[in-house]
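Given below, in the form of structure tokens, are the structures.
Both complexes below contain chain A, partnered by chain B and then by chain C.
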Partner chain A sequence: MTETASSVAPPSRLRALTGNNEIVLIVILAVLCVLISIGAPQFYSVENVVAILRQCALVLIVASGMTMLLIAAEVDLSVGASLAFSGVVAMDVTNKTNSVLLGGLAGIAFGASVGLFNGLVVTRLRVNSLIATIATMMILQGGIYLYTREAVQNRHSIRLFTDLSTGYVGPVPVPVIIAALVFIACYVVLRHTMVGRYIYAVGANEKAARLSGLRSERLKLGVFVFTGMLVGLAGLLLASLMNTGQPTAGRGFELQVIAAVILGGTSLMGGRGTLIGTLLAVLVLKVIDNGIIILRWNQDLQMIVPGLVIIGATWLDLVRRKSDAR
Partner chain B sequence: MPQSPDLALAPRPAPSILATLARRNEVALLICLLALIIFFSLASSSFLTPRNLTNVLGQASLAMVAGVGVAIVVMSGEIDVSIGSLAGAVGIPLVTIMNMTESLPLGIAGALLLALVVGVVNGYLVAYLGINSLIATLGTMFIIRGGIYLYTGQRSIPDTAYLEEFFQLGNGRFFDFLPYPALISLIILAIFIYVMRMRPFGRQIYAVGGNPEVARLAGFDVRRVKFICLVISALLAGVAGILLSSRLGSAVHVAGLGFEFQVVAAVVLGGVSLAGGVGSLVGVALGVLILSFLSNGLGMLNLATEWQLVVTGGIIIAAVAFDEFKRRNQKQ
Partner chain C sequence: MLDEARTGHAAAIDTSIPALEMVGIGKRFPGVLALENVDLRLEPGKVHALMGENGAGKSTLIKILAGVYEKDVGTIRIAGREVEIRTPRDALSQGIKVVFQEIALIPEFTVAENIFLEDYPTSGAGNIRWRKIRDDAAALFDRIGFKVNPDARTGDLPVSQQQMVEIARALASEARIVVMDEPTSSLTPTEVEMLFSVIRRLTSLGIAILYVSHKLDEIFEIADTVTVLRDGRHISTQPKTAHTSDTLIRDMIGRQIGDLFPRSRGAGTGDVVVGVSGLSTAKLADIAFEARAGEVLGVFGLMGAGRTELAKALVGYDPIRTGTITIGGSPLCPHDTRTAVSLGIGLLTEDRKTEGLMLELPVMHNMSLASLGRFANMSFLDEKRERSAVQEFVDRFRVKTPSLEQHIKNLSGGNQQKVLLARWLMRGLKVIVVDEPTRGIDVGAKSEIFALIDRLAAEGLAVIMMTSEMPELLGLSDRIMVMAEGRITATMGRDEATQEKILNAAIA
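Moving on, here comes the complex of A and B:
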């Protein structure tokens, strides 16, 4: 989106920095912040802002990978099930080895191998990724109960493990730092490296990309594995946050992540989308969640309002694009 | 435009090629289904009994009814993922109205009215506002599920009218043989197979899904076709929801969670392309039956439900991969 905008007209600074859809999201975010702070002045307290950022962390980590995957014209619906499973694996291995490093690596490796499996099924067996990852989701949901019937409790009590999600560096929570690092790394890769350009190219027109010498299968496989790794990382953080490996965690997580990515303006057809949009969308969704809590509204609205926002923002974007085209 | 009559005729020859391709796909599915049935009847003595086979048809009916609707939407080039939430939601007006009026028809009318409203909203968002259908129906999926939780306070609403007809609808058997849900699903399936093959509207759906631009030039109202498809899908999800709540005997707030995944899996397994324009309802029915027989048969082997999930997932991947493999070989 940014690319076409910048090639048509000499881009203004703001335009170059933010895609079109992002302007809509920034406006929505600003309006939300103003409205919520009118109803609840404590919205702007440091604690609340930190709390919002902390809640963004898990979704943002996985959504960064998912954005790349959607740009490459694939999707992964197994992230919720994989999140729970990697958390269980991380906790279990840490229990058995008394080493956070090994436990963390095991969790991330598990996530990555799920990504590898998805990637191989999609690129080698040519199964549509929507259906392939629904199947993986089923396999993982079944598999996790075969692995453990109940939650894996924390039996090692290592400080470092819980610090991963509850610790602070200065005023900033550790998961926020991790999420920020992941986000920046993804942003740099997608915007400033050849791999990033290739991902856009493969998503926009796989045939053309392949004819010009790109190994599109390999690239897609790589993105699947990378997303899987991020899911493993998020699973580790989740296990640390809940202080258990919970097999039922992560229900509906895949929908949260995908909702954020498409709200951020990434096209489901591939080839279009930005990570900034995803970041803004995650913020919008989590500010809504937070607003509902501090305004003491019924928490069931936490499903309804995001649904309305997703539809509304997409519609606003369509309207805006139509008026731009005139 | 002088050439428009020619263009209007253009989709005619295409279905015959499509139909032959689809038929081949259906044969593969049928073989797969028969192989499953043979395997399970050898492995378990209680599998191949009329009682169990009709039971499976009853269990398959929910996915069958909703699957027909989703398949039509996918054939028209869109998707509907709000069906799970909707199937759960229609139980609320159904049970509430029945509790108040002690009348099953009024309850069903209320349930279908809710489904109609959701279908109109989905259809309007997708067909007339032009919002991507995955986004729009994902949005309504959240809104409906949130609405259920909000209205019920995350509790089920029990059926206090105890109407015999309501119980019979989901649990009774036609002539003490075929479960009513199975009968209803087969009737709906037959009607829509007829519509998709023989009626102009069915052919329009294929045309619109195959190439909307060409369909528009041929004089079809693309938006109207997509709108109607989404309304049909919502209504059929409503019917599935009514059968579901009769089986559960109440309006359960978590009913239909994940149902959309099951149905989409069955539809794609049945050979409907997510790109639109390709697929047949016979294939969809076979896809639903394969998954239902699989879950029933694995249950008969006393396999834990967890294993059932794992095996089902594996078979979906294998089946779709095999289908792709076959298609690539045919091309060469």
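Moving on, here comes the complex of A and C:
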């Protein structure tokens, strides 16, 4: 209703900064922390907090790219399969060259080329990204066995390679620092640059964006490649963490990532979403994981509870937006 | 209650009792009073027009009648009996049919299946009687004079025919009151005539019509009585004969509009900035014309004539088969909107929602989209400069918005259109193509849009205006080009143009 909305007061600073969805997530997060710490006081120990953050790192790195992709009204379901494959490539190349730099670059380049492939299929062949990336996922899951039948073991024993995931800078694990840098970079791009504006615009209305002189396809292609690079980076960290390139790693990873992005309030329809929401959602999901472990609950709940949380949060969001629409 | 309504309806309609009385209706939404003490009284067999600018409360009133919203206070009487309408089903059972502006048909179904969607006839065994649905639909079309194939897949029909189907659907079951919300917004002149004859047939049966429209000429043709709302309040209810366009407009906007078509410029003959020759696309054949700086070139055509297709080819959106387009002397690469924009041609689209606005994004982001480069340093945006530039346009164009952060979907059509115009003016253009610039915009905002178009030409832009509205074509254009079936059939100067000449060329 135009007559109602135009007279509603402008949103306050705080609300403009966070949005309602973020507030819901902060409340959920706070309630979770309080409840878990009642049952298990060790929840607040430094070790546990660091463990939670470490758990968040991989998901957050990929979810940062995925948030951009969803805002641009596309999606990538191949990130799990690509994660495992780039880990294998990174380990293998490091073995062969004895260079972590070359191995890391190879892993990232592999992820980026998967992103490029996805992007080309979506923007040139105009295959819907949901279908295109499921197909890519299948290709990669089969393709990885053509590459190697079993896990690629660490034969180079370079300290730096394992330090990528297990090292610390002060009290902070290296992967957490990497994730934080990725997150901040993505945040700045989305919030403060032309590229970020264009991503929102293309996702909100691609036709209108094109008519305004934007090259929407090139932009989408770029976001696919960027997300692919982040997957490659995460794959490298995963190989380092497991100290092996494991072809079966990353199963279900894409769902974790997309669940976090959606829970964070990013719309599957494009044009709407924030990285802060994604960050909070990753924290919520990982705190739930952690709580189930330290409360010694049945581990199967690790899948069930987040599922219920996603339904609940999405429903809350819907209720809120309905009352907004009035 | 349901039975009672049915039997009540079966009896002949008593023309001495008002079909509908709404008394003292009030409705409050959080933070705003949408309707305050509004009265409305429909007589059987009469057409009652409901007018007002966007935001006046028309749609709230209709939605209360349709059971979409519930009123806070007030009384509703149908044929003299007090009723409560809480749900759309309540409204239907009272014989109230509402034809909304948005088309709500299932594209995959046939026309006949859509017509009877609410209540399929079944055999004793519970099987749907498809044959009967089809025959009934055909009979209904005969009765009201529609020429639509009831077996056609609805999604394959042009929008104008879908709208006719939507109207027919309201008439499928017996109605006492029919509400039409801007029913002609996508109809061709012939179809409008057909709609009017349907309306006359309905009124002869004693059905009361509530007709919501912005179009003054329609109101004067079809309505018996006119009620005007403004800011949620009842302003006037008078027989049509007591009104002139001026008094109606005054009631609607609360002030006098000087001249609907201002003219601040002389007969400008600047340089040629658009040159088109031999242009053919899938829908266009052999188009050639020029447009000069400082002129408004009006392009008229009936639905399907190729106006929108021409507009889209000009700005590099649609691919072209043959021919050349030059903007300011430079050739335009076909199918590349980016070079088109950088050469200085932009399109204000006919369909704001699907091709213009980013509904979920704030006013500021919508407006500055095409000129972000100006505010960016290495892609980093200087939001302060951006904000002040946007604010300048908001002030200059008198865009009514509570803040620059407001989602643009919450603005009225006229204000949305101003933001989209500003998107281009901020960029700085040589040529602007405007396609149906006043579709779905109320009278007050219309005159502002006309003034803006006039000023653009006065400032030296070439304006190419695609329109199917005769008054704005004749009122604004310096030259007029008429299209039919993808070709240009006539070109004439402002002075030689008459309504007959234009229509003849459009039908050719």
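In this text, the second predicted complex is superposed on the first by the 311 of 326 C-alpha atoms of A that agree within 3 Å, B and C clash if a C-alpha of one lies under 4 Å from a C-alpha of the other, contacts with A are read in each partner's own complex, and residues count from 1 in each chain.
As a working rule, a contact is a pair of C-beta atoms (placed from the backbone, for glycine too) under 8 Å apart; a residue touches a chain by one contact, two chains touch by 3 or more.
These numbers come from a predicted model, not from an experiment.
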Check the residue A:V27 against both partner chains and state whether it touches chain B (first), chain C (second), both, or neither. neither
Is A:L181 contacted by the first partner chain B, the second partner chain C, both or neither? neither
Could you say whether A:L35 touches chain B, chain C, both of them, or neither, answering first, second, both or neither? neither
Write out the stretch or stretches of chain A touching chain B in their complex. 77, 121, 125-128, 130-132, 134-139, 141-143, 145-146, 255, 258-259, 262, 268, 298, 300-308, 310-311, 314-315, 318
Chain C to chain A touching residues, read off their complex: 29-32, 34, 54-57, 59-60, 232, 315, 317, 337-338, 340-342, 346-347, 349, 354-361, 365, 369-370, 372-373, 376, 379-381, 383, 400-403, 405-406, 410-413, 423
Could you pull out which chain B residues touch chain A in their complex? 125, 129-132, 134-136, 138-143, 145-147, 149-150, 154, 261, 264-265, 268-269, 274, 304-310, 312-314, 316-317, 320-321, 324-325, 328
Within the complex, chain C is touched by chain A residues 1-11, 16, 192-195, 197-198, 200-201, 204-205, 207-215, 267, 271-272, 323, 326
